[in-house]
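Read through the structures below before going on.
The two complexes that follow have chain A in common; it is paired with chain B in the first and with chain C in the second.
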Partner chain A sequence: MREFNVALAAPEWILSATILVVLFQDARTRWDNKGGLGRTTWLGLLLATGCAMLQGWFVDTPATAFLGHYGVDGFSIVCKAIFGATALFVMAMADTWLKRVDRGHGEFRLLALMATLGMFFVCSVRDFAGLFVSLELITVSFYCLTAFKRNDERAIEAGIKYVVLGALATAFLLLGIAFIYGATESLWFHKIALTEASDGVGGNAALLEFGLLLTVLGLCFKIAAVPFQVWTPDVYEGAASPVTAFLSMGSKAAGFVLLLKVVRACLGPDGDAGIILATGAWAGLFALIAAATMLYGNLGALWQGNMKRLLGYSSIGHAGYVLMGVLAFNEAGFAAVVYYLMAYLFTVLGVFAVVIIVNGALRSHAITDYAGLGRKSPFLALVLTCGLLSLAGVPPMAGFFGKFLVFQAVVQLGTPVAYTVAFVGAAGVVVSMYYYLCVVKQLYMVEAPEGDTRLDGLVVAKPLKAVLWVCLIGIFVLGFLVQPFVAMAQDAAEALMAAR
Partner chain B sequence: MIGIFFWLFAALLTVSGLLAITRRNAVSAALWAAVSFIAIAGIFVLLQAYFLAVVEVLVYAGAIMVLFLFVIMLLNLREEDLQVLEGPRLHILGVLLAAGFLGGLVWTCRRAGLYDAKNGAIKMTAESVGETKSLAAPLFMEYVLPFEIASFLLLAAIVGAVLITKKRLT
Partner chain C sequence: MLPFLLAEANQPRDWLPVLVLLLLAVGLAAVQLLISWLLGKRGETNEFKDSPYECGIEPVGDAHTRFSVKFYLVAVLFILFDIEVVFLYPWAVHFGGGEPDGVIFQERPDLLGFLFFEMLVFLAVLFLGWYWVVKKKALDWERV
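The block that comes next holds the complex of A and B.
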């Protein structure tokens, strides 16, 4: 238990080495010869992701390293696979997108790699010190990535908004951790449950509850949930499209992984609701956040004419659905969250891949400009349609089963609060159907204006085409062949519940 | 005796913190912030965390404050360039949120019995708590992983700073 055992962190070592190699390679190559950086990045990401997945077979889980501060279990392996796939997809999008940008290739790849490193650490941290630094590693990388197009006013505005709100959320998170440290006298996640058990009333419990409240609010910034959701549409619109894609999947999933770990730490050692979470107030608080997030996201999306702003609001709405899985406070709910994230990965990255291709031709994100895409480029329109229907939760798609599991977990609780939040969620799904279908209508039912040839003859680069196919297949596989993936999510949730 | 000094530093911290966020002039705001850092250092001394107190003064009140002032001087903002966030509604909302937060804090401390003198006393686990050793040993043994992640955090910040500020990226 108390050993350094550094070899266990092999995926992170590979990523760290890749970062250093790219750093020196960038310094040693001329500006017009940056292709090698891309190859190094791809190799590093593939090796790290492969290594993380192989640990599922070759490591006797759960295992710990760094005196127990770093852990590998079924949950962390599944999450690392999700983050690795996200980074690979985003890198494929960035390869295409960077061709339109004549500077900063090395910096882009470095920052993306460092954000990925943070996401890998997020899966394995077992204490609040690790939680904080790995989360900040992701956030700081994204501050810079958001402002990447620094000649673009909207990108700068997005960057500043993200930094200011991010700093506020970090302050909440830090103060929360300080209170938890004061109550438990340690930074370990698992000490929370022990403190709850030792003095359930008064004294430290009050400090612990206040600290947890602040920590959860701080994490709400990462997952784009109320009350820290306001940055989302502006940042999504201002940032470059691959960055937005990375934000909407990687950054959000990292927030949820940590939220799951913190909530798990509050449950008792046997997975029963801990003394603090057993009080109705906490279920009520999570329900309130989830309901407000779903309403804000889905109602806000109704009036959007810009594709990326629409996806920003829709991403807020999805944070609300995933929160429903968290607030179940049990294994079924956590499994639903993991499955939802897997489905969301293929869905949202497929949509963003199309957005990047279309934007390359249009130089615009207006939804009205998507008119006629169905006739001019049927494959792109098909991927976009399937992605949007999956986001909406239409049955044969991956998104439907994500939503199904989440709603099932909540309804099974059987409390009035759970029914209310499920009802709000169902209403949100209905509303979201409208604005997703409006985009689909634009693709197929509306003709492009006469003489507008911008969408004619779209050429899709090979890596991006691969992303499109993988996402399309993923959307249907996770919709039809549900069982193995649900089993995987359940194993991950089980490992999370068994974590000490 | 220590109690008197605690209240002295606490009052100084509160007042200078409030002044730092209410001054229109950026230079005086930064200087009040420096005063608040010194007050924090004083409280660290009372907690026998001497090393932290020194670092607080050296790094925050010293290095970071110089950096702040340097940037403010470079920007050279005039009074009329500064826009005021318009609208009393925003102000009222901000005050309400701050009051709610303060209320929650006070209520929590009351529930936890921190105002009670015997509960409020801070437990000193070791004699040498204020020395560098008590900081260094956990940093390089127990918390070596977060320490290493922090080094990548700094690298990310450096790369990002280059990306955003460098005139010509080639």
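The block that comes next holds the complex of A and C.
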């Protein structure tokens, strides 16, 4: 534990070096010569992601570095692969988009890289100080990214809303950490379980529980769950589409990774239900948050005529489904969360890739404008349809197995609370089917108005085409070849449960 | 050190100083307001007495003018580079080996080199940031 073991953090070192090189390049080049920045970013992201995945074979896990503050285990490696893939997909979308905007090449890439660095650290943190710093690295980068279109009123509005609500949530999180520190006298995650187990909590049990409550509420902001979900549709609508894609996958997944780590820390040393989480109040609280989130997201999405707002509400709904996996408080539930995140990666990024292409031609996000896409651009319509059906959870797609595992984990608990939340979730799925299919209906059943040629002859740039194909294949691979990926998610959950 | 910051502080009575401090803070403010309300003379109010005093001249325009964004930019950059001192100063104090660190460095003299190298890296990153700021002409008052 006393070792620095600097080389273990190689993926983070690579990302940090990439950031510095891009910064230097950005300072050295003229505004009309920013192509090199993109190449450096790609190289850095590919190397960092590859390095993180290689650690799965070449590092004797679990291993720690920096006096134990940084850890690599099966869980962190799988999560880093998810975040690395997210960043690569988003960068492919951003390349095309940045060419169109032709402004702030350096700033966008730097901020996106910094957010990715934060996400990588999130996977490896082992104490609350690391949790806070890595989470803020992500959040502050996203504040700037959200308001990136600084001449657009919507983007400014989204940025301000995100900052104000984000600051409030950060205050909750920080106060929660302070209370946990007061109760456990340390910032380590594993001290929570030790404090519970040694029964040394004594008069501090209330402090610890209050601290955990505030921490969980603070994390609800990142995952866009009730009670901190209000920002989601406005920010999703106002931010540029690649940023929205990054926000809906990367930022949300980072919140879930941390939530899993905190919940794991409250469980007993052998993974049995800890003293705190064993009490019915906590299961009830998580169930309440999950049910309210699913209802809010799915009912809110019913009335949306704007594609990005619809995806914003749907993203709230999905946060609720994933929370069901968390509230199982056991290995099966955590494995379901990891699998859900893998499936969500391909699904939601595929949908956003189509949204970016269509918006490039339409300059609008109105769902009615998607009419006739099925005839004019069959491939785009196919990817969008598969993505939406996967979001809805239709059987052969990736999203179905994500939902299946989550519901299975909850129903196996067998408590009345679990049955209730599963019932609310099932109702949410049925409702969501309606608004996803409404979009599909627009694609195929409604013809574009006479003379509207905006969607004719859509040209898709190469990197975006690659994203579309990978997402389409991913949606079906995670739907048909379930077993290896479920095994991967189970290994990750097992590593999380074994974490000290 | 205050008793409630110590490790053994887990009894409710150990938190008594916090309560006393809270009561004092709230009480002081309340008493001051109350005294000025009780003892203060309140004359008539009228439109002229309520208007803001501006050197005897009639106020012109709105006091809430908007400042150029230049000022904020410089302020933010100042804070960013000011943090440098927050890191450098404790580092410089502890580098020689204060009481808690001295023990570690006696066991592990190699950590001293690590500590020195770490600060060099920090300064290099900061310098690169400064270079970027200068190149982006963020400190160029006329251009911004």
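FYI, the second predicted complex is superposed on the first by the 497 of 500 C-alpha atoms of A that agree within 3 Å, B and C clash if a C-alpha of one lies under 4 Å from a C-alpha of the other, contacts with A are read in each partner's own complex, and residues count from 1 in each chain.
The working rule: a contact is a pair of C-beta atoms (placed from the backbone, for glycine too) under 8 Å apart; a residue touches a chain by one contact, two chains touch by 3 or more.
Treat the numbers as computed from the prediction; the structure is a model and nothing was measured.
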item	value
Chain A as common anchor, with chain B and chain C clashing or fitting	clash
Touching partner for A:Phe132 - first (chain B), second (chain C), both, neither	first
Which of chain B and chain C A:Phe24 touches, first, second, both or neither	second
First (chain B), second (chain C), both or neither touched by A:Ala398	neither
Which of chain B and chain C A:Phe121 touches, first, second, both or neither	first
Partner chain(s) touched by A:Ala147 [first = chain B, second = chain C, both, neither]	first
Touched partner set for A:Met342, first chain B, second chain C, both or neither	neither
Which partner reaches more residues of chain A (counting touched residues only), chain B or chain C	B
Part of chain B, among the options 4-12, 22-30 or 58-66, whose backbone runs into chain C after overlay	4-12
Overlap of chain C and chain B interfaces on chain A (superposed complexes)	23, 202-204
Complex interface listing, chain A residues touching chain B	16, 19, 23, 30-31, 66-67, 69-70, 103-104, 107-108, 110-111, 114-115, 117-118, 121, 125, 127, 129-130, 132-134, 136-137, 140-141, 143-144, 147-148, 150, 159, 179, 202-204, 206-207, 209-210, 213
Complex interface listing, chain B residues touching chain A	104-105, 108, 111-113, 119, 141-146, 149-150, 152-153, 155-157, 159-164, 168-170
In the complex, chain A residues that touch chain C	2, 4, 20, 23-24, 26-28, 185, 202-204
Residues of chain C that touch chain A when the two form their complex	7, 10-12, 108, 114, 125, 128-129, 131-132, 135-136
